[in-house]
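Before anything else, here's the structure in question.
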């Protein structure tokens, strides 16, 4: 809850952060689409120490029936952390934090998907955090977005996400855990539709001045677009592989294709 | 007195939402308010003697109660000298035909956590002052909110109620006997100090317009909402965007300006 | 659970109780009907330190369907205490005590309502205790009864309720918390239909002799009738206001009328 | 062996209830008993060696088991010198086609709490005697009841079973080592003393008549029930009215007289 | 969890065990069928200190409908322990152990029952342990099997069950609690269809060598057949009594027959 | 991308199960494997830095993750000098269209308990070594497993993943201050020693034939399964029979032989 804060650390020195990054530099980001055979779409994402797997099922009939919306598909987003993915073992039962993140992440995806094409259905998005070091919710959202595209769900745009914020007096991109524990830390999870820059997820905690916010949002949008590049590349790679596979059909894959 | 059919109720809500949208497009709200105008706010303090602090807040017909109980508890292992707060809300089924009994849902959880962050991150409460004995016992301030009537904007009503209850809250008197602690019932050591008064102000987006203090019908018509907790000394301590729609960066800036301005007015009532 | 009892207190002295009341005197009782706009009927009640809000929804379709009774409406009573309404913070989850009170309070209302007119429906009665000092269950029932009438639910009679019992050797009306903690305390929650004096709720705990019971029941019925007076007055007042409002229609109220 | 349709089962119950009512109106019960007559009562003690006290009670075909476990626990902060009791019942689905598995429902909760009050308020157990070390450790007597077969009047059967188990209950032998306590398995320090023997007797109202020890079919036909816990020295320690009907004050007096008379007879069997 | 093991005990001495039994000797076993009037079939079983009651309801409609199998009846087995049936008071909520035993016991019964005759139904088997001393799951299964037969459910065969295992270096039948706590204890719950010797339940925990297993399984099958004898005898007795009752009809029993 | 109808999905599963049975009757498996042949096994260690030991295991397309957290906890009263283990699995809904969110079901519980027994009963972990202070504090090793993709044989995949995670697991460094204990984040005292390497091997019975490492379609067609945990020094530490069918004693013997042989091969990969 309350973080132990070391007041003596210099979070930024000569334009470099504790881990050697520049102020506007992302941690290494690796995305792979289509990693699970049973899901309709899936994605593995590594972002610094964060390790995330996302899977999409649907659109499938929403059950029980009384939750169905006759005008559009529901988005059911479930963000969960493995018990061992955090420094202190997490209780296996989903907590309030996971519930809140799931809710707003689902809402963040809604604008991106052509939901009205699939009335009475649900699109289930499951994300599991296997390892963590600050920024897992934006990692989860970025992975979910790729998994949706991998599932062939028709979308207006990707959802690209990044953390932005403040530590040691500077506005910085993609805070890691040490930075999130800074005495003056501000954490701003942000997600946008990269083509229109529409903001679909935005939270903040910490003490922030409006003028700092102006810097942060500009940097955040820049960061989201970098993430967008990696997302697109992952999908391009998957698409090329799929084309290759189609050219050389693979019986083994066919034998396991019942789920799709 | 007729048997209300749920589907029928849904249709009524949809029709009302359509009217809200039409009206907002023409620059008007159905109840005649300006886009940035709050409904009448009333704050009633000390509504429960058993609470260590309590308040009841109405925003028009929206009605929320908050009570504080300050209780000795165990410190977190990584902050042995600090007390803590815990914020919860229950959407009581007496407040709306749409609320059901049951464990907290995602809407309740979101609201409680946003109100929590607005308070916690503003550092208005000195957690160090809530230490009883380092590593052994600390005060935990439970802030529990209940909806009485939901006519929209529960976020802001709850935030005001929580802060109003906290401004009244007192820390119980404690008798220490050896290594056990006992609260002296009905006696208090001191007031819970509040260094700042963070208040949440929520702006909704309806038909592309920014509208404050949405009533229930307006919430059904909204695309998205954005809440900002601001303090009297020019800080923001929490944001929360909700809903399936989006905001532009420019709209967010407007929401922030509105939040500072509205919170300033409301703070006078506390 | 077990109460700390001070053996030296004189609970009744010169016909006066600790708080100055006479043996057969109620604490101040204030009832207001129609206080919540979303509910079909509602009531705010203050009784000494006790502070109660009640709301009624229905008759509305009972769901899930398999709970429906084709011969009559169900009464679903939910008595709940706010966490801060008691000296020690109450666990937010409903406890066994709240469950028991809810059950018998719902049963106490059944005889008063023409349930057979509304087959397959449920009448939901929600009561929240905001502050407490002994006697909340009878306060809840008295408030619920007014809320039912406010909702226009057709009733045979009000349900009027009071606590009666014993402390310091005397049979007394409307015990407060200090009296409930007396070493010889007996607490008897009682509810009747005031016109016929039929008993619809009756509990007792403590050590009681049959001869004391005879005194207590007579006193209790007297007390219930006093409560009945206040209930009727609250409804009369609401009815007069409603008539006034009808004469001068109010657009604001109309704008919020969708729930009714 | 046919697939039982639930609706069909309901109709059968309704028909049987009608027959009960008709019969009672003519001054008779379907099984030939007098209105105030109990079915045959059997009490079997010590039915479980692992329990610290146990009993199985039948009222006709109604069959309930109670077991007591006496366990070191923490005292309540406001009574540091007193142990306590905890009473629970589970309506096992093996006892009736109408019982389902799941967390305790309101009927189970009501029954357990009424049996609890009957015992607790009679002061038959000296909670002070259950103190192990003031403010640190006390004995908690868990009295857990299970239905084996429900042919009506579970209240009285459970109350008898609980009391029968308590009359046998023994407090385990305790080894104190420093500040930790260890039960010596299979050894006992002494019997749990019972100063009184409170027993619950329930009278149902069927077609305006007062009827004791209702069987299952009679319960389906009853308007209301009233239970009274009485002691051998002329006290009452708990009342509970249940059901959607009502009683007159005169009827309550009759129920009380019946309760004293019936409990006196049953007490002889213990 | 971890058992306190006394290393100095001689578990077998001169062919006799701690409680005087021979290596291949069962504890005293008593079975009675038809002990509960509301259930469709029932059984009381005492096996050493173990005391078990089993009841069967069904085949009855499986609800909610979506669990129904159109080809066969479901078997819903619920093994539960009373809080006071074990040395340390058991938490009243069903635990993981009870859940596992319920699952595999239900599966063990499936092969014995002509399930395909009762599509869309469930056969509910409830077993309550009232007292325990090692081997309750096999006791439960043996009792359940008799209760099924008592309910008139058509069966291919009984399910007969016994514990077999190792303590003090010897392969022994029907371990009691002292033996289960031996330092080298191995516990093997076993259930078979006695006529074909088909194994329908088999678990083991402890450290066992394959050659010890060969001895154990032979002994276990022998033990199951002894149990089978007692099961058959209980049913024969019930059947004879039922015949007698039919000859002299009993109005009291008829009055309580609504559940059957 | 079509809306999948559940009934349709069931029919597809039934058809595939029929094909599996036909094929096995002809001595073949649909994917060409021999009856006793496992799919390709991959083991990836240390997949989570925050875990004290972790691994990801694939059996063909079946994909399971296990992580270990070693945490100070209270000893059981009857073994004050011993630490313990706790094994759990969650069938994550991302692994299969048939998995739903919710509390652990009976299949998850069975799997976790069988993996637990295989490890615990093999005595591969010296619980005495997990003692921190007798009667006060011990280490508890939580082994939590998550399914990533279910293409059958989750039992064996989970058992391998759990063991692989344990082989890597390290006991945290502990600072003892008075009577409180604090883990030094990111530092370790030593590896968790493993005296044996118990591995579960599961044989299914399909159309009367014994088949190892069943894929998802084969599991739908199986009559029963039998799992055996074996150690490298010739012991078995757990059995579990599951499913509605039966085995003969002879078949069990074959399953045991297979389990020893297969575990030996798999152990080389660790």
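In order of appearance the chains are A, B, C, D, E and F, and numbering begins at 1 in each one.
Quick note on the criterion: a contact is a pair of C-beta atoms (placed from the backbone, for glycine too) under 8 Å apart; a residue touches a chain by one contact, two chains touch by 3 or more.
This structure is a prediction, so every number in the text was calculated from the model and none was measured.
Engineer: Could you tell me the least number of steps, going only between chains that touch, from chain C to chain E?
Structural biologist: 2
Engineer: What's the farthest chain from chain B if centres are computed as the mean of the Cα atoms?
Structural biologist: Most remote chain from chain B, centroid-wise, comes out as E.
Engineer: Counting only C-alpha atoms to place each centre, which chain is farthest from chain D?
Structural biologist: A
Engineer: Could you state the distance in Å from the CA-based centre of chain D to that of chain F?
Structural biologist: Distance between chain centres: 46 Å.
Engineer: If you average the CA atoms of chain A and of chain B, how far apart do the two points sit, in angstrom?
Structural biologist: 28
Engineer: Provide the list of chain A residues touching at least two other chains, using ranges where the numbers run on.
Structural biologist: In chain A, no residue touches at least two other chains, as defined above.
Engineer: On chain D, where are the residues touching two or more other chains?
Structural biologist: Residues of chain D touching two or more partner chains: there are none.
Engineer: Using the touch definition up top, name the residues of chain B that touch chain A in the complex.
Structural biologist: Spelled out, the residues of chain B in touch with chain A are 76, 78-79, 82, 84, 104, 106-107, 109-110, 112-113, 117, 120-123, 127, 226, 231, 234-249, 252-253, 256, 260.
Engineer: Can you tell me which positions in chain F touch chain A when the two form their complex?
Structural biologist: Within the complex, chain F touches chain A at residues 1, 3-6, 12-13, 16, 30-31, 47-52, 54, 61, 63, 65, 67-69, 71, 88, 90, 92-97, 101, 103, 142, 144, 146, 148-151, 185, 215, 217.
Engineer: Given the complex with chain F, which residues does chain E contribute to the contact?
Structural biologist: 1-4, 96-97, 99-100, 102-104, 107, 110-111, 188, 193, 197-210, 213-214, 217, 221
Engineer: Which residues of chain A touch chain F once you look at their complex with the stated criterion?
Structural biologist: Of all residues in chain A, those touching chain F are 36-40, 42, 49, 51, 53-55, 57, 59-61, 63, 78, 80, 82-89, 92-93, 118, 121, 124, 126-128, 130-133, 151-153, 252, 255-256, 258-259.
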